[in-house]
Structure formats: structure tokens, C-alpha cells
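When the chains are written out, they are named A, B, C and D in that same order, and each has its own residue count from 1.
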Amino acid sequence: MATHRLITKVKNSKLLEKEEERRDVGFGTRITNDRGRLMKSDGSFNARRVNGSFWARLDIFHRLTGLSWPMFFLVVFMVYFVVNCFFSVLYMMIGVENLQGIKAVSTMEQFWGAFFFSAQTLTTVGYGHVAPVGLVASGLSSIESLVGVLGFAIASGLVYGRFSRPVPKILFSRNAIFAPYLDINGWMFRMINESPTELVDVRVEISLSRLETLPNGQRSRRYYPLKLERNQVNFFPLSWTIVHPITEASPLYGATEDSMAESDTEFLVYIRATEETFLQSVHARYSFRYEEVVWGAKFVPMFDSGKRDDIVSVDVQKIHDYEPKELN
Amino acid sequence: MATHRLITKVKNSKLLEKEEERRDVGFGTRITNDRGRLMKSDGSFNARRVNGSFWARLDIFHRLTGLSWPMFFLVVFMVYFVVNCFFSVLYMMIGVENLQGIKAVSTMEQFWGAFFFSAQTLTTVGYGHVAPVGLVASGLSSIESLVGVLGFAIASGLVYGRFSRPVPKILFSRNAIFAPYLDINGWMFRMINESPTELVDVRVEISLSRLETLPNGQRSRRYYPLKLERNQVNFFPLSWTIVHPITEASPLYGATEDSMAESDTEFLVYIRATEETFLQSVHARYSFRYEEVVWGAKFVPMFDSGKRDDIVSVDVQKIHDYEPKELN
Amino acid sequence: MATHRLITKVKNSKLLEKEEERRDVGFGTRITNDRGRLMKSDGSFNARRVNGSFWARLDIFHRLTGLSWPMFFLVVFMVYFVVNCFFSVLYMMIGVENLQGIKAVSTMEQFWGAFFFSAQTLTTVGYGHVAPVGLVASGLSSIESLVGVLGFAIASGLVYGRFSRPVPKILFSRNAIFAPYLDINGWMFRMINESPTELVDVRVEISLSRLETLPNGQRSRRYYPLKLERNQVNFFPLSWTIVHPITEASPLYGATEDSMAESDTEFLVYIRATEETFLQSVHARYSFRYEEVVWGAKFVPMFDSGKRDDIVSVDVQKIHDYEPKELN
Amino acid sequence: MATHRLITKVKNSKLLEKEEERRDVGFGTRITNDRGRLMKSDGSFNARRVNGSFWARLDIFHRLTGLSWPMFFLVVFMVYFVVNCFFSVLYMMIGVENLQGIKAVSTMEQFWGAFFFSAQTLTTVGYGHVAPVGLVASGLSSIESLVGVLGFAIASGLVYGRFSRPVPKILFSRNAIFAPYLDINGWMFRMINESPTELVDVRVEISLSRLETLPNGQRSRRYYPLKLERNQVNFFPLSWTIVHPITEASPLYGATEDSMAESDTEFLVYIRATEETFLQSVHARYSFRYEEVVWGAKFVPMFDSGKRDDIVSVDVQKIHDYEPKELN
């Protein structure tokens, strides 16, 4: 084996500084040097991992937590049905005559008799008009009731986990806009907390992502954090218009519609907050692509006209509304 | 479509710096440029969101978590009653004769017979003196017992969620006071942890909010963080008097009772801590408006007179007590 | 009402700077200007709040969580017994003849018959050899089963809450020592994680608290954060000796046994870490008073003599052991 | 008792500065001055604590949480069996004739009759074809049903705790490599999130640990934090190659294969992230020892060849693949 020595002519690499400036937010170069959306509108990534190990991919808990409620109940019902069928067949193999109280002649009658006995055992209802006799049937039913108790423990945990899971219901304006802002212009969007639970300590980070042409002609995606007028608020009772003021220091200074399209510009929005009921952290992601940014507009106020009961109220549905407005 | 270019005569806006100095804590300009309380005494915001989507507003979990205990049990009881009625009607449609053991003649008797059978199935008591016969009744009761098990899983989760929810029981003095403090004056209030659970790592932030007149005559609300003598303590075993010393740097320096009323001054208090039993984060909010601030007073000590069993003890009820004291 | 104006001759108070330097960790001046332990050896504070509101003091959840296991089970058992007695009396008022299957003559027999029926209903066992007949008894039992299901939901939640509660099992050396350290001396103690669960990201803060005599002769308690050789470690697999090196900058430089006793010196130790199973935060507190600090000693190594199976092992019980050693 | 005074000739120790520079991550000197792995490949420490107190070592909750699923179910089943045996024997001592419905002659028949009655009581199935008569048997069964309800509360909590526990499934490349990087070289490894749940806010810390010879000839282990090209990403949808660029400032600059072996070099990797379903913190640890570092290689891209359905996909199994590549 040859002995290597870690030593190079270049002691402090200029390229390294360049690379560190790229400020990749985690997508990596391969995916991001292509054109195309990085983040979908629901905040999920436009990427997929394949060929993972079976157990890692299985991950029943998170999968069942992610399902819609109707699908979740369907799954629970199916599992309940299948488990009952399974035990029903076992009872039939032992002999239904060991379940006293079942008056069944045909196999079908026997199956359903055993099935309902199984259901009553699994849920621990145990009416007792059917009851096991003999060692084997009694043993099986005592195992089944244990399975039932543990199974419903899992189901209960899942139901509770789904219920108490911190999912912020933040509604974003459909479009971001370039609007006149003070004596300059600003890139803005707005958002509102749709849920009755308050969010506090809301922090926003926005990355601008675009393709740039390197001196050597290669195209490479760079990321810029956008400086905001205000990137944190303690309270979020109403709508919040997030503003990136376009000063000379902004990476957007001098940008045009064409340049934004040509450079495949995407605005990645990342929000962290604390919801007040359980003081859990919540996250939200959103992305605006160049074609979702309106040039020369201003947002229409969301306040309810009939204010004067001295409580301010906003109309959530107006979040998307803007009207044309000349840029500065 | 005209091509826009993001470029302005003003490269670095003075107005932008002004705007950033406003230090809005999240109420926004519209709500805050009016007179009127920003925060109610229970810490909730004086604002309302209307017209949100059905599902966002529904949010059963957080609503049921927020109810008072008697209301919560009433809701659970009502749901239990309604679900039993529902299944009872279904059993009657199938025919009560499929529930063996019910000796019922009148419709009312049948209803109650089916109702109690349903209750025994839902809670999985299943005495069995009434029991289903036949496919349809047995099937329905096996579904009902599943509904019961899952439903009580939800109820259990809610009960536990409500029970274990981190709600700090911090008692604030009814009034803030301007008191002599060292060789100057201070704005102060005090607070105590009423709960037997200790709070640790307590941090306090206070914003002063008031209307100011801009050079152009417009009224605009500004926010100032108040510098405190001490804004964090590791331990909070007794009462804590929070002091904002009024030095020349304070936004309150030179303020008078009239100027505070005229500018609609409000002190927003925001507290974060960790409760020790489960080491959960807890938050509390409070607000003092100008009319709740007493000029020239000092707080009365809260210590119990009969101290000498070498454990210090404070009388929680004295938290509000102050006596007049000339300002420096 | 006279109009006050917040203005003083002193614009920037020297006393304020002094006060800010006191670095009170939250005990306040009143309690801390006396002699006596601030923190007990189990980390609880030597203070008490009295006269709080009923509901704040009640706080069933945290109280039941804080009980020892035998006490907890006793409470659960008592509640179970009392609730059964209560329902038993109700059934007797309705008339035990409404509970078919009870063959009871004497009042005592009736009571126990109703009592066991109640127990079977509350736990939803529902054997059914005793079963309710008639509207009133059936209605009461359907309510009782609801009470049972909800009550055991609470009990389950409590059991789980107690079980999963993050309680670090950190063992501290009984004494802190002044030991020679490098070419100077150090104040040290050591600690070890007794639990099989690893702790990570362990941070230590130590405050020295002592009474000092002000220029005006008054005694006042001051707090000093002690600079540590190392105040954070990522991993904590074995014992950790925390060292405060006594350089000229240390508040202990020049201290003697007498001066420490005279100034009622106490070392307050505050530890935060993350336990690895559930990645919950855990806290621990400890305090060494001057009489628990040994002068001129060194800790005895805790390593097991028979190391050579290439896994390092330490003997937890040796944590307290030290031997005399001349100071530098 | 002699009075000591904390005072030394050395006021500010040079050795202290040296010691602080050691940057021990928590292993301590004793363990780390030997040769041998500090961290095992599963992230656990190569160390053991013995002789801890019984209760600290017991820690049932964390032990049962740490078991594999088959072992966990085995334990639950065993406990269920043993508890039933225990109550079965109690019922036999009372006399099986107090359990009406059991037709048992032999002791074995009596045991199993009582056993199954116990199982039906513990799980609250309570068919009722066997039911207790008399004070003692009824009392015992009402206690058993309480035990059952509480016991299964514990089991449910454990099942849920195990299920919802935040365990990141991060797959690390089997080897770290020294690879050409820009115009210099870099030490790199890569990792991927195997689970379907996204990880966000991923932070990496790497410590280099190696033995060094002090001027006095003693061997002492020192730790160096490695500066990374990028030590935090917001999103982690695909693989991430972590790079330590070897500039002149790197502790690895000038290192050779021999010097790394001789100094027992180990790279300790520590990862913190937030998983998105429940927004829990997750940690992961890994370690590369010198013999697991390949000299002169580059990682093979993990992207699936058949990309063009405009969603990027990576093949998890390729994480370990590298090919030889001359160093710069």
C-alpha cells in the first residue's frame, strides 16, 4: 500500500470560499443544477429515495400517521376484519363445538359464529352468550384478548398521535408580488394562521435559488438568504405581510422578468413557530416560482369593513387578493 | 407583457431604516394605529379571524382541549348519548328480536332496551344478559364495539392531553407601579408562580407600545423593548419583581401621566419558562395599560411574618398590595 | 391627581450597575441576605408559597405525578374503592332487586352485591351473572361504565406520564474538594449518570453565592458564575469531574476556610442535558455548602481494576471517594 | 484543623490554557489515552458503568423501550402468563367452587379453569360463563380487574412510547474517503435519510480524536473540531456528502496513513436534526476509525439513471460505492 500524504500546492483554496458562498440549503448540486421546481406547493420536496431497506421504508407508525382520516379508519377496519377472520379460522380448526352457545350447522354459520365470538373477544366486549370451553379454545381466546388489548393500545396511540400532531394551518397568498414599498420596491407575500390556535414566536427564512453562469460557462445553482424588513414576530394574531426590500444589496436588484425566468428563480419559504395549546414547535414550507410572482401590484387589505365592535377582525379568504400598482 | 426591471433612484432607503426601527411585535400597523387594548387581561389578542376554511376552523382537538372541564364532560356525555341513540335506532331497524334477552313490547321499551345494549357494547362492558343473534345484529354490534374502542381512545387522548397540558399558573400584580428604585425611579410589576410545580429558566420580555406623531402629522404605533434590571432568572421559587429602571435611555424618560394616556401606552409582557415536572416549555402573556400603572408607590413585602422555622415562605395573596411612596 | 413626570437628577445610576452585577439567580434579596441553605440536597428550594388559590394548589396531575409509586397505587386503589362505594349506595337506593342475579337478604349482602356489580361495570369486565334490569338501573350502569372508561383513561395517562417522565439519575460526589490542579488549585466535584440511558449535550452552570459586606456596613448576598475548565460535553458515558480552576480571576482566589464559613458560601450547581431514549431535556440541581467542601484532597479513580476486556468500566459506588492531597 | 488559603505562585496557568485546548468531548482522559475505539459502529460508547444502585439500573421503562419488538412481545406475554398463574393460585386457595361455572375435578382442571377466568378478568373480557360468587372471590376479581386495567395502561404506554420514539434512520457510507476536492483535497463521507419521514435543520459536528506526544514524552489524547464546507442544511431530501476541506489550517494537513494509524485517529460524527412528522429532535452518532478511511477515492453518484420523469430519485443502496481517484 502506497503511503499518501495530505499536502497540496494550494494552501488556501479560492474555490473553497466560492463553494462556501453557494449556501446550498440542502438540495445538493446534482438536483439543483437542472431546471424545475425544487419544492412542491405543499412544501414537500421534488425528490425521491428508492431502494431503501425494507424496515426503513415500512415505518408503519409514520405512514399511518400521514394518512387521511377516512383512509386511516379504513385501514383500522380492514385490520380488524382480517384479524377476526384469522382467529375465526383458528377456532374452526379447533372445532366450533368448543365455543358453547353457537348453534351452527353449515360451515358458513360456523365461520360467522366464530367470527363474532372473535370480535367480542378482541374488543373485550365478551357478552358471554358464546364462551370458550376446553383448554385449547380457552387458551386461544385468552391469547386473542391479549392481542386485542395490545392492538387497541396501538390503535389508540395512533389516533392520539394523529390528533395531537402539530400541523400548522398557515395559508399563504397564492402569489408573491413586486410592490412599491416606502420609497423603493419590495418583494412580498402574505400569510395568515387559519387555525383557532395562536402561533407565537414566528420566524421566517427565505432563500432565493437561481441558476447562474460561472466564468467557465457552466451553469450552477446558487442560494441567497433574503434580508427581510422583519424576520420574526412574537405574536401572529392576524395576517403578516413578509417584505424583502429591494435595496442595492439585494440579489434581486436589477432583476427583470426575463432574467428571473432565464435563471429559473425560486423563492423557498421556511417558517418556524410555536403553537400555543401544547407549546409544540411547528414548521411550514412554501415555495414561489418566478411565474407565481406578480410585477407591480399591491395587496388588498383584509380587514372586515364592519369593524367598530372594538375587536379587529380579518377576512381569511381575502389573503390572495391584490390589485395592480405601478412600481417605484 | 411589459418587462419590468427592479431598479430605483433610492438605493438605500432611509424610510426602510425607520420602518425597521418600529419593531412591530406582530400586530401590524392597521390594528395598532387605532386606540384600544392590544392584548386582553388573559393574554389573548384583541383580534379575530373570520371566514377561514371549515376544516381549519373545526380543529376539534384544540377546541376540546380549550374547554373548561365541566363543558368537556358535558360534550363527552352528549356524544355518548347521541351515539347510543344512533345505534339504538339501527338495532330497532334490524329488529329488537335480534337482541336476545330484551323483553320489550312497546316501542319505547324496545328503544331503551337497544339503547342500553348499545351502551354496554360501546363501553365494552358487555354483560351479556342481552346479546346479539343473527348475522346483521352481530355484525352491527361488532362494528359498534370497534367504534367504542376507537372513540374512547380519542376521549382518553383528550383527557390526557388536557391533563398534561403545560399551563403556567403565574399570578401578576393587578397594577404595575412607578416606584423609587435605587437613586432613580423604575417601572415595576411583580409576579409569582402559583402552582406547586417549580418553574426554571424564566425569561421576561417587555414591549412598550405607544402611538407617536410622525413629522407629517400622521399617527403611528411604535414598539420599544424595555431594558430590564434582570430579564432572566434560573430559579423562580418566590415572587419576582421585574424592574425597568428609568434612565435617560428609557423611552419612558420624561413621560407624564398625560403623555402616557394621550399616546395610548400599553406594556406587553411576555414570559417563557420551563416547568419542572415534565420539563415542558410554558408561556404566559400579560398586558398593563397606562390606566393600570400607579404613580408613586412601592410593593408591600410578601413574606410571612412568622418566618423563623428557617424556611422562607411568601403569602401569595399579597402580590397585589402596594402603598404610596414619593418618586425620586 | 397630581401629574407626575419621570425625570431624575441622576441620569445614569451607578447603583443600577452595581445591582445588575449582583447576578441574582432568582432567589431575591430578602431570602438570600439571611444565612441558611438556599437549596436542599435534593435540588428543591428552601422556600414555600402559601395562601395560593385553591385550584392552583390542587393541581392534581402534577401532585399525582410527584408521588412515590406505592403512594400512587394506594391513591388509585382508594379512589376505586370510594367510587364503587358511591355507586353501590346509588344502586341500593334504586333497589338491589333491579340488579338481577344478586341473591341478597341482609343490607350488607346487598351492599357487597351492588359493590361488586359496580366494580365489574367500572372496569368494564361485565361478567353478566349480575345485570341491570329496568330503566333506572340500566341508565345508572351505562353512566357508570362511561365514568369507568374515562376514569381509567385518566389513570392510564397518569401511569404513562409518571413512567415516561424525564428524571435524570445523576449521582453527585458527596463532597466537593479543593484539589491541586495542574500547577494551580481547583474547586472540583464529580458526577456520574447512574441510569442505563445515555445523556448527551450535558451543560453545567455553577453559581457561587455568598454574603458580602457593603461599604455602608450592610450585608448583601452576591452571586458569581464560576468559570469552568469545561462547561459542556457532548457525551457523558463515564464520570465527569467538573473543575473550577482557581486563577487570580476567580472569586475564590484568596479565600480561606474561615472566610467561606463567615460569608455563608454555597455552590449552586445546575445541569441540563438531553436523555437519549426519547431525546427529552432533563435538568438536575445540586448544592454544596462550605462545610461540604474538603480542603486538600483528590478524587480516587473510579475505573475497575480488571479492565482488559477492552471496554472501559467504572464503579459507580466509588464516586464519593477521595484521599488527602497537599494543595499547591 | 489547619486553615487553608487559596493562593498560588502561578496566577494564570499556562497549563490551564493547554488543558482547555484539549477540547475533550466528554470521554475523559483515562479512557481516551489508551488505544481503542471510543465509539462503536451503532453509536454507543465503548464504556460501561457498573455497581450502580438497584433502582437506577432497573429503569424498566427505558429497558422495555430499548428491546426489539419480538423480545418486547415475549416479555409482555410472559408477564401476562405469570400474573394469570399468580391469580389462578390465589383463586385455588380461596376455592375454585367460588368461581361458579367451572366444572373441574382434578387440580389441573381447577388450575386451568381459574387461569382462564383470571385471563378474562385481567383483560376485562369477562364472558361471564364463569363468574365469582362470595365476598372473597368477588373481591379478588375486582382487584384483579383493576390490576388488569392499570397493567394494560402501562403496556399501552410502552407500546405507544416505542412506536412514536424518535429514531432517525440515517445510513452512513461504510467508509470515509480522502478525495480530491476542488483544487485541494477533502476528507468526506456521505449519508442519507432512509426513512420516509423528512429530516430538516440537520446539523453535523465532527471531532477528530488522536493521541499526541507531549513535550515530556507522555501520550495524551486531543480532540479537534473539524471545519466543514457546510455544517448545516435546512433540508435533507437526498444524500449529503459532508466535506472537511484539508487546508493548511486543518489538523489533518500533512497527515499520512502511517501517522494516522500511529496516533489512533478516530473521527466522531454527531448529527442533530428535526424529524418532520412530530417535529421531534433526533440525534445520530457514528464513528470512522483510521482503518475505515480510504485514501484517494471518489464517491459514485447515487442518482437513478432513468431520471426523466422530472422527479429526482436516488438509489439508497449506492451510498457505500466509491471508485479510486488520484488525490490532488
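One rule holds for everything that comes next: contacts are C-beta pairs under 8 Å (C-beta built on N, C-alpha and C of every residue); 3 or more make two chains touch, one makes a residue touch a chain.
Just so it is clear, the model here is predicted, and its values are computed rather than measured.
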Numbering shared by both copies at the chain D-chain A contact, with half separating same from different: different
Cα superposition angle of chain A on its copy chain B, in degrees to the nearest 5: 90
Chain located farthest away, centre of chain C as origin (C-alpha): A
Geometric centre distance via CA averages, chain D-chain A, whole Å: 26
CA centroid of chain A to CA centroid of chain C, Å: 36
Overlap residues in chain A, where contacts from two or more other chains coincide: 120, 124-128, 156, 160
Residues of chain D touching chain B in the complex: 124, 126-128
Touching residues on chain A, where the partner in the complex is chain B: 73, 76-77, 80, 84, 112, 115-116, 119-120, 123-129, 152, 155-156, 159-160, 163-164, 169, 171, 178, 182-185, 192-198, 200, 202, 229-230, 233-241, 245-250, 252-258, 274, 276-279, 295-296, 301, 303-304, 310-317, 327-328
Residue numbers on chain C that touch chain B, as the complex places them: 1, 3-8, 10-16, 19-20, 24-28, 30-31, 34, 36, 44-53, 56-57, 59, 61-63, 65-66, 100, 120-121, 124-128, 130-132, 135, 138-139, 141-142, 145-146, 148-150, 153-154, 156-158, 160-161, 165-166, 205, 207, 270, 280-283
